[in-house]
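Across the two complexes that follow, subunit A remains constant while its partner is subunit B and subsequently subunit C.
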Partner chain A sequence: MNEGALVTVLIAMLGGAIRVSTPFMFVALGECLTEKSGRINLGLEGNLVLGAMVAYGVSYLSGNPWLGVLAAGSSGLILGAMHGYICKLPKVNDIAVGIAMMSFGTGIAFFFGKPYIQPTAPRLDSIPLGDWTGNSALAQALQVNPLFFVGIALALAMSWAFANTKWGLIVRMTGDSAASARAMGVSVDLVRFLATSAGGFLAGIGGAFLSLYYPGSWNEGLSSGQGLMAVALVIFARWDPIRCIWAALLFGAAGAIGPALQSVGITSGYYFFNAAPYILTLFIMIASARSKAAARDVPGELSITK
Partner chain B sequence: MNALSPIAETSIRAPSLEAIGMTKIFGPLVALDDVSIKVEAGSFHALLGENGAGKSTLVKSIMGFYRADQGQILLDEEEVSIRTPRDARDLGIGMVYQHFTLVPCLTAAENLVISRADAPTVFDWRKEKNRLEEFMDRMPFKVHLNAQVSSLSAGEKQKLEILKLLYLDQRFMILDEPTSVLTPGEADEMLGLLGEMAAKKEITVLMISHKFREVKAFCDSFTVLRRGKFTGSGDAQAASVEEMSKMMIGDTQIRERAERTQHNRQEVVLDLAGLCAVDGEGLPAIDALNLKVRAGEIVGVAGVSGNGQSALVECLAGQRPLSDGEVQIHGKPFEPKRADFDKFKVFGLPEEPLKNATVPRMSVSENIAFRSFDKPPVASLGWWMRPGPMRERAKELIAAYRVKTTSPEAPIEDLSGGNVQRAVLARELSGDVDVLIVANPCFGLDFASVAEIRSQIMEQRNRGAAVLLVSEDLDEILELADRVAVMSGGTITYVSPIEDTDRNTIGQHMAGH
Partner chain C sequence: MSANSFNRRAFLKAGAAGVAASALPLNFAKAQTPVVLGAVYVGPRDDFGWNQAHAVSMEILKSLPNVSVIEEENVPETDAVSQSMESMINLDGANLILATSFGYYNPFVVDLAKKYPDVQFRHAAPLWNEASDPANAGSYFPYLNQAHYVNGVAAGLSSSGKIGFVAAKPIPSVLSNINSVLLGAKSVNPDATVQVIFTGEWSLPVREAEATNALVDAGAEVITCHVDSPKVVIETAEGRGVKTCGHNASQAPLAPTGFITGAEYKWETIYAGYASALAAGEPLPNFMIGGYNNDMLRNTAYGAGATTEAIAAADAAIAAMVAGEPIYKGMLKDNQGNVVVDKDYDNYDPYLDGMNWLLEGVQGSIT
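This part shows the complex of A and B:
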């Protein structure tokens, strides 16, 4: 590979990191909030797919893609609230409910989404941040969707809120020691219900990005498990919103390796490189499971740690 | 509620509390039967009773965790209605529980601020920290504000719990066995300071305890419960320990303690050489620990909880890997595996037996067979298990060790703590024992069970077993051990024959001096 090709690949990976990372970011932040409250919602893949379908449908019908984003968030909120409510019932396992919600979300998305596979809906605009460089590849890579910045702002806000607000402390308290929270008069179920709902809302917005910006259409293979990987990403990020952003960027860049290599003419191992994010997930899980620091940061009430 | 009101310099603010005719019924069980208790303003009142006597039920009814079926509560001689713990908090009644209610992932400062009913929505940490430091300056004991609670020692957590009550201006304090996690020195310091505050009428303290030494040293009045009934109260200084213990245990026959017999066996049986192990975070839990136990000897390992005692027992039981060092029995290397346990006749009674030595949902008879299910007569050919002989053997042992169970088929988790302990003892002591490893064997048991279990341990010693007794109860060690070893910071810091040492010396070594 010569130097020009390397630059092309790196620029493509940068663009990929920015473009592909956004849904990871939203799902991971949503999951981070839910897990901080002491519950795991594995169903966010369902929120993501349903959000993508709802966003596309609403954008197509109303002509306003931002209305689609809001609708996607609301659909995610409803799925999250269902998860939160069901888990509140006695002897219900949050992981099993999460898997059921995942199938439920993707199922209704496919059911109602059939009519929207063909038509073209208005898509979200991006902000061209790279035009000044005079390099067309770089300019294209730096076409940034506003949701990307919303995600980063959200991570900063969450990180601040966990340390500096009453609600942040209550969420952490509920996630780390339900008994203490109860002794302080906090309704553990209510906090978890709200955190799961809000997490579901964020995952829904992640879905809207998929169908309305990149790849930018609605079909049944749209998500290909990104929602599940985002859950793994939270573990990798050790339940820290800022680290979630970095992890999402890393995943985005890894996902761009395959197409980028193909664009410079390296076709051998194309499918292997396309699998990079999945392989990365595996290695990250293995590495983080061994990490002592992860064991310290994990919220004490999570059913996987108890 | 003003959490920042000055605490120290104010005049008489301690409330009095009286509970009259408290009755609480759980299904068929009368947990509290017409119990009354009166705690004067500024007193340091002890609530005594054995496990299951109703002490917890009484204070939880006062705290609003339970609704008493009958009875009323007077605070400063006015009737109050306490329906939830929040009502109790608003009335200035606070409690320190045996299990801590601090949130491990938050710092001390965060724990204090969030516990306030009027905690702000957004914290101005600089302002809060200044206020907390001012508050801390007025307190008799201090905790580092920026430390994460999970990194605090048990003693510091206990102090922080009490500071939290003072911070919340809760001047009627209920303490549930507050000194079980402290060194004797720490316990005396803390109780002394609370006693001084009570004497100045700044607080009123109701302390659940069963340590007569502490009650005699610090309390001014006491109330005793037995089986849910009031059995006496009085002046803690005037009453004798015999009177108080009579009120606690009634006419129950206490088994005679086994006598310590003299013998001259000197050979080392259990030899722990340079043991090292790490905790979940990779930090040393035990660090180059050396200890020898001879035949016919009880070596008592004293120490404040959390200094590696649990890790040591786990290592010997095969629950935690050793990172370095070697265990030898009769001069041969010992691996904590089933084959070696049988070969060297090593038996054990770990702490919290329901968690560490039984499968709670399996039956009593299955649990008793854990040592023998793969050997004749229960098993043939090494794999064919016959339930008949297993049940027969279990019945014999249940009778011999007086395990109270509805049937051998009942799940062992349905048994009371003392009976679980007896069932495990039956399993471990029924054979020929060369090495016995015991950890906190009497934690939370009533007097009769305590006497019986200590006798069993002493009998094994007299028969020539090498006994390693790890206990957080110094009195237990002083009673049973031939030699005492103090564990501090994951290693043995002091070893002495029991006749050459005393409580103070041991206490100083426990505190790390």
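This part shows the complex of A and C:
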């Protein structure tokens, strides 16, 4: 590979990291919050797909894409609240409910989304941060959607709040030891209900990014499992919001490798390169999960670790 | 009173009509056989792609007298398609099933055709085998690469000849579309090249958008594609300010400034032929292939991206193919340097169905 080609691939990975990572970021942050409170919501794929549909529909009908983002968040909030409420009932398994909510979310999104496949809705604008470079590929890679920055700010805020606020402490305590939380007079069910609802809200916003910015249209194959991958990223990021951001960026960048290598003439083995994000994730998981620190990071109340 | 009254004039009229009808040739009476078409789609009917192309044709068929249409979308290539087809036969009285997705054929269509010998089954891929498959089943498949050739001609004259192609999987029909775009572009612009990126899946919107961006970054001036739903590719390319050629159905509304033309199926030619044969009680052809020479394809009406000379050259290319002009004319080498086309091949030559090469001038690889 010559130098020019290498630069092209690196620019594409930078662009891919910025363009593709945002939905992963929002879903992973939402799931991080939910899991920190001691509950797993596998249904965020449903929130993502429903959010994408609702955002597109509302943007198309109202002409205001930001209203679409808000509506997508609200639809995710409702799904998250449903998950939170059902899991509060006795003897309910949160993983099973999550899978049911995933089918439910995608199902209603497909059902109500029919009329919005054809029309073109107003989309979110991006901020051109790379025009000064004078390089069109770099300028394109640095077209950044505001939601990307919102996601990063949110991760910083969450990280700070978990460590430094009473609310953060309550969420972590609920997730690590329900008995201690109860002894402190905290309603475990209420905390988990609120955390799951808020997590659902974030995942819905991730969906809005998919349909209103990149790739920027609504159809039934839009998500292709990104919500599920993002849930896995939380484990990969070991329940740390900042690491969720890095994981999402890495995943986006690795996803750009396949097309970028083909565009510079490295054309064979594209199935392998397209699998790069998953292979990378696997290796980092193996490397990181062996440490004792990884076991310490898991919220103690998660039904998979209990 | 009116119910029992005997109207002599009406009786005479009806009798005269009956006598007149019986005097007509037999197939007039058979023309009253209602034709019920049951179409099964693998994806949404309005996907701007393969399924939409079928659904648009079915809309046209609905306007024909004596034809009714039942459609079901989002039917996976599993046992679910058997259930859909059976309910169309048993509940709606379908006498012709149109199974429009590749994976529907074996075992689902084959098994049901054996179970319901009075119902006709036709499948949209050239898979029917006279020796082993039931006689009431069959295949129909237009060679879309002829319309992609026209795309290539128009793209070659609407740009400097750098064409980007987002492709799903390296199977012969996809490879033929890529090679035909190149040959079309080269026929008017010897310097033309096609750069291809395979996404590896039929529908992966995010990777399709990434591939489109990568091609534009690599200098492509026209983007075209062969994926299930070209909407994302066309919209992304339009957003990047490059020109586009469509695939499967009309994507013209998605690219008001850059759209050149698009390769489209004309399924209604085939479907209307089936319907009239059924109505007349004639046997349906088991195996139908075709292209421009028998009215099974069209190119989307030229958009703002097409230059005047491109339109003239594309129209001339269509006229030549209607007259049977071949696309693959020897000698041609693949991009590894091997001679793969040693003579002129007819557009339907079986040799081309096994295509596993990309021609010289295509940047890309099938593995």
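A few remarks follow.
Throughout what follows, the second predicted complex is superposed on the first by the 291 of 306 C-alpha atoms of A that agree within 3 Å, B and C clash if a C-alpha of one lies under 4 Å from a C-alpha of the other, contacts with A are read in each partner's own complex, and residues count from 1 in each chain.
The working rule: a contact is a pair of C-beta atoms (placed from the backbone, for glycine too) under 8 Å apart; a residue touches a chain by one contact, two chains touch by 3 or more.
Fair warning: this is a prediction, and the values are worked out from it, not measured in the lab.
In the superposition on chain A, A:Gly16 makes contact with subunit C only, not with subunit B. Contacts of A:Pro146 after superposition on the shared chain: neither subunit B nor subunit C is touched. Look at A:Lys166: by the touch rule set out above, it reaches subunit B but stays clear of subunit C. Of the two partner chains placed by superposition, only subunit C is touched by A:Asn219; subunit B is not. Contacts of A:Gly300 after superposition on the shared chain: subunit B is touched, whereas subunit C is not. In the superposition on chain A, the chain among subunit B and subunit C reaching more residues of subunit A is C.
By the touch criterion stated above, A:Pro122 is placed in contact with neither subunit B nor subunit C. Of the two partner chains placed around the shared chain by superposition, subunit C is the only one that A:Lys114 touches, whereas subunit B remains out of contact.
Within subunit A, no residue touches subunit B in one complex and subunit C in the other. Residues 164-167, 169-170, 172-173, 175-177, 179-181, 183-185, 292, 295-296, 299-300 of subunit A are the ones that touch subunit B when the two sit in their complex. Contact residues of subunit B toward subunit A in the complex are 84-86, 89, 97, 99-106, 110, 113-115, 119-123, 125, 150, 280-282. Contact residues on subunit A toward subunit C in their complex (touch as defined above): 8, 11-12, 15-16, 19-20, 110, 114, 117-118, 120, 136-137, 140, 210, 214-217, 219-222, 224, 226, 255-256, 258-260, 262-265, 267-271, 274. Contact residues of subunit C toward subunit A in the complex are 43-44, 46-48, 74, 195-201, 203-211, 213-218, 228-229, 231-232, 235-236, 239-240, 253-254, 363-365, 367.
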